[in-house]
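So, here's a batch of structures to check.
Across the two complexes that follow, chain A remains constant while its partner is chain B and subsequently chain C.
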Partner chain A sequence: MSTGNLFPQISRCVAILALLATGAIAYAQDAAQKGLAIATEQKQRDAGWGDSQAEVSMILRNAQGQESERKIRIKSLEVQGDGDKALTIFDQPRDVSGTSFLSFSHATEPDDQWIYLPELKRVKRIASRNKSGPFMGSEFAFEDMTSFELEKYTYTYLRDEPFQGQECFVVEQRPLDEYSGYTRRVAWIDKNHYRALKIEYYDRKDQLLKVLELNDYKLYQDKFWRPMVAEMTNVQNGKSTVLLTHSIEFNTGLEEKDFDKNSLRRAR
Partner chain B sequence: MTKTVSAARASAFLLLTASLPCAAQAEFAGEMGVQQRYFLQDALLPEQERAQFSVYAQPEWYHSWNDGYDSLLFRPFVRYDEVDSERTHIDIRELIWLHVSDNWELRTGIGKVFWGQTESLHLVDVINQVDLVETIDYEDRLGQPMVNFSYIMDMGTLSAFVLPYFRERTFAGPDGRLQLPLPVDTDNPLYESSDEERHIDWAVRYQATLGDWELGLSYFDGTSREPFFVPAPNPQSGEIQLRPFYAQMQQVGVDTLAVAGSWLIKFEAIYRDVLDDDFFAAVGGVEYTSVGVFDSMYDLGLLIEYQFDERDELSWTGAQNDLMIGTRIVFNDIDGTEVLLGVIQDLDNSSTRGGLIEASSRMTDRWKWRLDAYFFSSDTPTDVTYAWRRDDYVEFTLEYYF
Partner chain C sequence: MTNKHTWLYTVLKHPWATIIAALVVLLTLTAGAQHLYFRGDYKVFFEPENPQRLAYEEMQNIFSKNDNVNIVIAPEDGNVFTPETLTLIKQLTDEAWQTPLSTRVNSVANYQHTYAEDDDLIVEDLLYSVRSVNQQKSDDIRAVALSEASLVHRLVSEKGDVAVINITVQLPDGDQTAEVFEIKAFVDELVAKFQNQYPNHEFYLTGIVALNNAFAIAAQQDAETLIPVMFLVIILIMWLLLKSITGTFATLLIVALSIAATMGLAGWSGLFLSTATVNVPTMVMTLAVADCIHVIASMQYAMRGGKSKEDAIAHSVQLNLMPIIITSVTTSIGFLTLNFSAVPVLADLGNLAAFGVMVACGLSFTLLPAMLKVMPIRVSMQSSESSDKLNKLAEWVIHHHRRILPYSAILLVIALSLAFTNKLNDIAVEYFDESNPFRQAADFQTDRLSGMSNIDFAIYTGEPSGLNAPQVLRTIEQFAGWLRKQPEVDHVDTITDTFKRLNKNLHSDDEAYYQLPDNQEMAAQYLLLYEMSLPYGLDLNNQIDIDKSATRLMVTMQNLGSKEFTAFEARAKAWFEAVAPELRITAASPPLMFAHIGEANMQSMVKGTLLALVLISALLVFALRSWRMGAVSLIPNLLPAGLGFGIWALISGQINMALSVVLTMTLGIIVDDSVHFLSKYRYAKAQGQSTEDSIRYAFMSVGRALVITTLVLASGFAILTLSSFALNSDMGLLTSIIIVLALLVDFIFLPAFLMIIDKPSSGKGEQHVDRQPISAD
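And then the complex of A and B:
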């Protein structure tokens, strides 16, 4: 008898809870779908750039404001269906001049990496699982220098928010690679051109570690936006690194064969 | 019609002249430095010093043309040593013309190649002679005259070498430290081949990357870079010295590396036929790197390698049955500071071991310091380390890059 009275109430409760839960799930699904949709559009708009050659400076600053400059040249090749290939040649500081670095980034597997030491004429394979290490002593980690691939993250759309006067989507990106140095990244993507304007990096304890701001975007080939200034600030140790792109050229005729160990050995 | 042709010609000419300065490219760079060695114990011989000062320079001229498909590299090396006349030496490390085509490369001149994967011993790397007066770690090599043709395939790179002239190994002179038990008579080497240093050596090598694997296979036929020693009176002084004897050898080599997560697994093996005798030698081990250890910026690497050689103790090979354990600390700072510490223990003879420290860091963009130290210990006169038992030393180098 009493159960007859109680039952509708319980079922109503369950029904309400279920409704709330499905609502939350639906909302989460919406946020995930929207996050992925934004990332897909971002990747899509940058597809087809082919190859490029860039001259870049890295300005390293410590907490006391002391500066040191590195000069590098980066040759890049777009690879359809996988991560990109890159050959980086170091020009400065002079003691590492001629050292070059070859990487094949992959969407879901560890990258393949080799370094060439000109004094020894030796090509060394690098264990690339540890991608969280700093690149040339800078605040950029190796994983920050590799290409953006959809399969590397799961996405959650967080909110709309303007950044430096531009309307942006704010999207959380959680790396799927358990060896990433980050639990998540939060990216501000502008609604007009789907360019990342700012990225926050959270360390393995989910504390804010670094903030990257990308400025002076230039349009190449009427399609591809590239930031001429990218400043990474480590909020935990006060150091920062500015990546300055002095020049970048597209369609320079680079091919697969320009990205092998023989070309690494020849790189100047 | 003529107008367009001449316009086209003019623009072609303009393009040509405009592209010429870009097509040819010249560079000058290099390094020089001062070095102070200090030996921790009094020497075995009265004429040997405890301090050894030297200066060195290694400039480099590079010129490329034909849109970079041709290039010439000239890299001489010179060291003046205050104490050791044999360590005062000049060498052409490289003077080589490189021609690159679509799927092949041709290197002609004096050059340097590196074969292999391991850190503590370079067994398969037999093209360039060891410049032993520079450092005792076998990492410095003399320039080797060669014609080297490489054919590049999807399946890897196949290289052939013709080596028309042999370079003798360098050894410390009578006043220098780090000598063998007797002075080496480098002026009177002996050869198995009647062609002596003009014997034409040849080699082939196949090198490939197969996913997480690196594989190298090599074959060498010619004058062994590693000499035997024959005690004999010096023709001038009559003093008993060690005359280096360079025999002919045939060697098959394999070197491989596998990436397994944060581990690198490395292995090299050779099978060598020399003076109607043959032997097997191998070195293998692992390198593990941990990034950002203990929540710091530092990378910590661990190196373990085991060395095996079938030859007996009398062959002057220190790697019969030895274990190397080392650690590499990379500071990841602006100055690029790195420290490598290592010990090599002879497993047959517990008294025989060696230790090393290699540290370096930048002071400015052009100046760098380097500290190297080697320690030797042995109670066994037949062991190669025994000759250096009182030659523990610390070496400080200031390097300038231009």
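And then the complex of A and C:
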């Protein structure tokens, strides 16, 4: 074959590659837009819940099969235009009973967090670089417990896929915060109600770290879906944590002043 | 040809049919080898219900796995607290999180430094950002790091001249070889990159992953180079000594087929390869070589005596049938006693070797004669030089037998008393000689920072939040204090240090409060506050269980031998149980597991081998149809190993797990020597010969075969001494020594002994000067 014949072939290849590349970019744009659209819809459908109070058990399991239960109460307040506020009161284990934890989650800024220790009778601030760390020694990290805000991630729609018999969108979410413990999360969002049914968490070296499954969704106020059982399994170390919601009430009359540093001391 | 050996007639009449039939059976067996797989993990050495394994697995499940790679960093200027080295440590720490399967990275850079600021507890990386590092900051970091008990001797040396980045990885259960290679390759590349960037720093890799990697590489290198060379040497020497290409080729084929069939059977029965069962081919090879050499040497002897080839083959097979069967059956029994071993893979090793030995036995009467029949064989007619020498040796032994015995007895007593001075010493680091990079790294770490050994103690209170009770914390603090005073201990990582530090921090960093909190609620809330402040991968899961009922103390130890190690464990447990009988304590770590299994295994190996020897002698009583012969055989069967381990005490005095296998490995060849010698002796005796003439006959008929077998196998195993991997070089050396000793015992001691106990009633034999070998017919 003479070289003269090669050039048209190469240029044809280049042309095809260029076409593919533009196609890929267009596809990527589509996927990003669709991902964001799904997340927006998800956030939108859950807007307006106001405030809530929940009684929750956190059941920790280790690879040996042992269990440990922590009992907490969570008071939450929806904040329009920013992350929500939450006050967590620890009831069990008994030796930390009366300890309470206040967090203001923010969409783009680091969260604010305080803890009140009854034995020291002091409120202590907790630095937010720990957001990747475990909450009460469980498999839930702080960042897994805070409210879902659109601005925290970039989105890519991956595919449609059923999960446990429900049609789902599978969306990849990449955290923007450098302190996040994850490179990405992959969420299964059901098409009917835009509820997260399953989330995979990938660690900083992009290896699957944890899988969260959300079950027993109940409908409140005819609009807000809440999972009664959320099980986080660490696939690397064999430990898991179940978050059991025993009860949850909405419109309990909580206000901003129930969520400040002084309210921490009063909480019980 | 007698009609009781009609099968032999069939084999020689239809050699091709025999060859084809044998090949079909063997290849069917061999096909099973496709199911074989290799497990390089250390769990194969332990029964599932092994108490140390259970304690270790319980600890790993309750806390976390702590397999690791250490990157040891030593700057040329002898100070790690400079802006340059701290920057290096910080950057390398960050990048180390990308290590495959890593779950935790610890260094002085990300040490979670706690201090009081106004009314807050600050928990942050000791070196958070490289931008802030100047000389002042470096000095501050030095002051904190060198006064922190959890860092000194673990992540930084006392003098501050060496730092460590410890990467904890989560290895899967089962075979981990691929993961170990992957992790090691990643860290190597990382270190190479930083070495390039920071040329005035030395880097070394240690830790369990580096150790496992060194093991796998050493085993692989030997398997790829030395073991093939060993087989080559065996072939060459056999060819030289047998002076027969055909014989050598036939032997080679029998050896190869016996090994292939054995490994095939392993595959069919669902067994796997491990660092122990990879020795099966070598073991099968030794006895297969011996079997073939006996048949071929006797055939050559008969052909030299003027027999036709076919008659010579038939004669040789008939003559050797009984001794080879006895040797094989008894050796198999010896291998089967490995089932008494506390180590599962050694039981597999024994069962497979037993099977292989019987395959080789069967083939030496079927496939071997058939092949000899169809292949051309020529024999030189002159009696060789070696038979003259054997002749002289026989006369010398007969003449000096009265003097030989007392000397042998003295030698024996010395050797046996020396043998008991050998010390069981499984120090993994010392498996590698000083040329090995891992050994160099381990030695460097041992010199400058801490030993390579470790032991973890878990203390279980049995009740939720039990750990926070002041009494429990005080007990743990005292225990940690006791441990730190022990000379074998380099470092103790304990949660009580964290409690004391938090108490101080929460009292405005007042040194007076560097003590345990005095009530349970206080302790629990400190811990909660601290736990809630830790980032991903630096949590307390490796020290505290989920319901705060148990804690793990991680102790870094000097490199100890098995005995010292288990003694230390017993001492520590005894101290703790005396102080706090209400708390449960367990101790575990891979080195501790190996220390225990090494001792248990050595005991069961010695017992098993002794039992095997007794069984073998009992069998010989039947086979040789003589009580006396059976009893006599016990001595040449016991002596070589006893002498061998006595000599070993002078050479090294250290026994590791691979050496305990040598006992069984050499058993076959020891028994082979004595059975063949005794059976030829007995054959001549039964023909009515005098003791002297029977000894001469034994020397002349089987002496050459025994010399060849010994030289072939001893030189083969001697090749293994070239290995830089002590497990292989020690095994090669000791096996060679024992094989040579076995021959010496059978050539010098055994005939002298026979002269005494079989003293003929008349002096006829001694006066009889006819030294021509008696024809066997």
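Keep in mind that, in the parts below, the second predicted complex is superposed on the first by the 250 of 268 C-alpha atoms of A that agree within 3 Å, B and C clash if a C-alpha of one lies under 4 Å from a C-alpha of the other, contacts with A are read in each partner's own complex, and residues count from 1 in each chain.
Everything that follows uses one rule, which is that a contact is a pair of C-beta atoms (placed from the backbone, for glycine too) under 8 Å apart; a residue touches a chain by one contact, two chains touch by 3 or more.
Quick caveat, the model's predicted, so the values are computed rather than measured.
Peer 1: Mind checking chain B and chain C on superposed chain A, clash or fit?
Peer 2: Here chain B and chain C cannot both sit on chain A without a clash.
Peer 1: First (chain B), second (chain C), both or neither: which does A:Asp222 touch?
Peer 2: neither
Peer 1: Should A:Asp260 be classified as contacting the first partner (chain B), the second (chain C), both, or neither?
Peer 2: first
Peer 1: Would you sort A:Ser132 into first (chain B), second (chain C), both or neither based on which partner it touches?
Peer 2: Both chain B and chain C are touched by A:Ser132.
Peer 1: Based on the superposed arrangement, let me know which partner A:Arg122 touches: chain B (first), chain C (second), both, or neither?
Peer 2: So A:Arg122 meets both chain B and chain C here.
Peer 1: Give one of first, second, both or neither to describe whether A:Gly238 is in contact with chain B, with chain C, with both, or with none.
Peer 2: A:Gly238 sits against chain C, while chain B stays out of touch.
Peer 1: Please work out whether A:Leu60 is in contact with chain B alone, chain C alone, both, or neither, and reply first, second, both or neither.
Peer 2: After superposing on A, A:Leu60 lies in contact with both chain B and chain C.
Peer 1: Residues of chain A touched: more by chain B or chain C?
Peer 2: The larger set of chain A residues in touch belongs to C.
Peer 1: In the superposed arrangement, which partner chain does A:Glu178 touch: chain B (first), chain C (second), both, or neither?
Peer 2: neither
Peer 1: If the two structures are placed on top of each other, which part of chain C overlaps chain B: 23-31, 41-49, 113-121 or 239-247?
Peer 2: 113-121
Peer 1: For chain A, what residues appear in both contact lists, the one with chain B and the one with chain C?
Peer 2: Residues 60, 62, 66, 68, 93-96, 120, 122, 125, 127, 129-130, 132-134, 137, 181, which sit in both footprints.
Peer 1: For a test of understanding, state which residues of chain B touch chain A in their complex under the given definition.
Peer 2: So the residues of chain B touching chain A come out as 27, 29, 31, 62, 64, 71, 98, 100, 102-103, 105, 112-114, 139, 150, 152, 157, 207, 209, 214, 257, 259, 261-264, 287, 289-292, 297, 299, 332-336, 362, 365-366, 368, 399, 401-402.
Peer 1: Where on chain C does chain A make contact in their complex?
Peer 2: Residue list for chain C touching chain A: 58, 60-62, 64-65, 97-103, 119-124, 170, 464-465, 468, 506, 519-525, 528-529, 531-541, 544-548.
Peer 1: Which part of chain A faces chain C closely enough to touch in the complex?
Peer 2: These residues of chain A touch chain C: 60-68, 90, 93-96, 99, 101, 115, 117-120, 122, 124-127, 129-137, 141, 179, 181, 203-205, 207, 236-239.
Peer 1: Given the complex with chain B, which residues does chain A contribute to the contact?
Peer 2: 60, 62, 66, 68-69, 92-97, 110, 112, 120-123, 125, 127-130, 132-134, 137, 181, 257, 260-262, 266, 268
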